[in-house]
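Below you'll find the structures, each written out as structure tokens.
In the two complexes that follow, chain A is the common piece, with chain B as its partner first and chain C second.
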Partner chain A sequence: MPVHNLYIFNRYGTLLYYTEWNRLKHSGITLEEEAKLMYGMLFSIKSFVAKISPLDIKKGFLCYKTNKYTLNYFETPTGLKFILNTDVGAQNVRDLLQQMYSQVYIEYVVKNPIINLNEPIKSELFKQKLDTFIKQYPVFNNNLKSL
Partner chain B sequence: MGAVEVLLEFMHSELVDYVTESSKKGDLSTLEYAGFISGYRIIERLTKDWPRFKDELETLKFICTDFWTSIYKKQIDNLRTNHQGVYVLQDNAFRFLSRISSGSQYLEMAPKYVSFTCGLLRGALANLGINCLVTAEIQPMPTCKFHIQVQQKTV
Partner chain C sequence: MGIYGVYIVSKSGGLIFNLDSNVPKIETEQTFSYPLDIKLVVENKKVVVSFGQRDGIMVGHVLNAVNGVQVNGLQLEDGRDAMEIIDNKDSYPLSLKFGKPKMTTNEKIFLASMFYPLFAIASQLSPEPKSSGIEILESDTFKLHCFQTLTGVKFMVVAEPSQTGMDILLKKIYELYSDYALKNPFYSLEMPIRCELFDNNLQSLLEQVEKTGVTNI
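What follows is the complex of A and B.
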């Protein structure tokens, strides 16, 4: 299945949320360490991309691909970072991330007064809404196209 | 939902935070009182183009439809009464709870987020000439039942 896992980081690099749907290979380190590595790598890529660019950058770093998976990166003006790993064939993942931010994160995290915005999200409702959101998206089930 | 509507939610949750932080634990009367005053005033404005209500039930129906819609953008889902001064107003997706949980997670926090509304109901009814007690019952979220017990008029 095309959607592997999702990381949400805040501006300061704290891992707010992690979930996985179809992750076949695990890193063998703790999630905490993995998140630090992930954030560090993204931080480096971001500054590298900005320095190496021959033109003015507008959106900056968007994604990278290996031959097995794509890492999709979406950053909001407030510095929230959504990282979704999908199959290489998955399409419109940017729209998906944008919508996930506005329809799930804003609605069920920002508007939930109990959640502290700089701490990991423990809300069951958010988890549940995120799951239904991802599963209704064609990317999730549509694995014939990507094969 | 536009930013203006979200403003009510954010203001409300800050009010809840402020009141519960500054008072001793579990004391929600300040919050209820703020609701009462708001309700008392807002009903004056909402009913300005209305004729007088026929009876108590008519008044409660107004509360469930127009009053609720203008504040919470939806109607009360169910109104029940025993015709002896007890009314139960059920909202299946109460706006201040709908983003918090859809089950029993955070249930212990829920009372803080309904007491303003209890006061709001009490204030609105008080200005319409109905003195009552309003309590809320939450189980499970985001369903909320408001119990209204009308005080017998002293003869």
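What follows is the complex of A and C.
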């Protein structure tokens, strides 16, 4: 099962949206605490990468891999952060995140006048569209079929 | 041209060995007229570019020399204040040299101990059970490969993103560590590695990888 879960943070570190598809292990702390831990880790990784990099960085941190999962990171110039945990073998997740930003977030959150951009997203439409969007992702289907 | 550095971190998170190999030196020198078209600020006792990157001068670069005179922190080698010269209209045209800041040993120790919790949190936040910590950390300019031994020592290699076979190299470095550091009677665990044989062998291993690739080791 390739796509595990998704976090969206704004530039102040507020968790705007969280959803999960195939998550087998929970961290044992509340979502609120987990989000803070996640954001703190990413913030540290960003400064770690900026310091340890031998060359001038442009995009900076892209992803990290453990033996079980890959954390894919995409940040927009406005500081919005998309974090998608996938299987280690998943390909082109960055393009997917970029598309998710432009086709789902922009269309159904930014263009929705009743959503406050700095508050957690409760829109049912966004939730639906995001779900369909991820499920279109070829690897998501392939692996489910093979199960 | 593949490998930028090797780090060894002890079980308790302290940096016990570090080697930099062929880190490119990024420096640009230019002549400026008054007023400056880049914004400089003083940060951590250094003069840093904060806005207006162009011609190889990037945000985050520090001031290295003024008119060919080295700058140490905020002061020139002859004792004059760098910011005062830059702010003074009469000193222009001015030749300034900027470069990417080099990591000091203290900063390396700081970074090594910073990696330790990141490694642990990555495993805690895992959506899958029994996940290890970070094995590969990827950025657009480098890839960090980390190998943790059963005893908790971490070996890290910072390499170019395209470099392959780093897991083999890490195991090989582990081998050198167990042969030349652990078997050295004057080496005490958890302490920085100062073993000449280890240094020499690691150096020649890296040279070999640069020349012929990882397959032949």
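Here are a few things to note about the model shown:
The rule we apply is simple: the second predicted complex is superposed on the first by the 143 of 147 C-alpha atoms of A that agree within 3 Å, B and C clash if a C-alpha of one lies under 4 Å from a C-alpha of the other, contacts with A are read in each partner's own complex, and residues count from 1 in each chain.
Keep this in mind: a contact is a pair of C-beta atoms (placed from the backbone, for glycine too) under 8 Å apart; a residue touches a chain by one contact, two chains touch by 3 or more.
Only a predicted model underlies this, so the values are computations on that prediction, with no experimental measurement involved.
Applying the stated clash criterion after superposition on chain A shows that chain B and chain C can sit side by side. By the touch criterion defined above, A:Leu125 lies against chain B but remains apart from chain C after alignment on the C-alpha atoms of chain A. In the superposition on chain A, A:Ser102 makes contact with neither chain B nor chain C. Of the two partner chains, chain C is the only one touched by A:Cys63; chain B is not. In the superposition on chain A, A:Ala50 makes contact with chain C only, not with chain B.
When the two complexes are overlaid on their common chain A, residue A:Thr19 makes contact with neither chain B nor chain C. Of the two partner chains placed around the shared chain by superposition, chain B is the only one that A:Ile114 touches, whereas chain C remains out of contact.
Once chain A of one complex is fitted onto chain A of the other, the partner contacts of A:Asn5 are limited to chain C, with no touch recorded for chain B. Contact comparison for chain A: of chain B and chain C, C touches the greater number of residues. In this overlay, which is a superposition and not a single complex, chain B and chain C have their closest Cα atoms 27 Å apart.
When both complexes are aligned on chain A by C-alpha atoms, no chain A residue touches chain B in the first and chain C in the second. On chain C, the positions that touch chain A within their shared complex are 4-5, 23-24, 26, 58, 60, 100, 103, 107, 111, 114-115, 117-118, 121-142, 144, 158. Chain A makes touch with chain C in their complex at residues 4-5, 20, 22-25, 27, 34, 37-38, 40-41, 44-45, 48-69, 71, 85. Interface residues of chain A facing chain B in the complex, by the touch rule stated above, are 107-108, 111-114, 123-125, 128. Chain B meets chain A in the complex at residues 6, 9, 13, 16-17, 99-103, 105-106, 109, 113.
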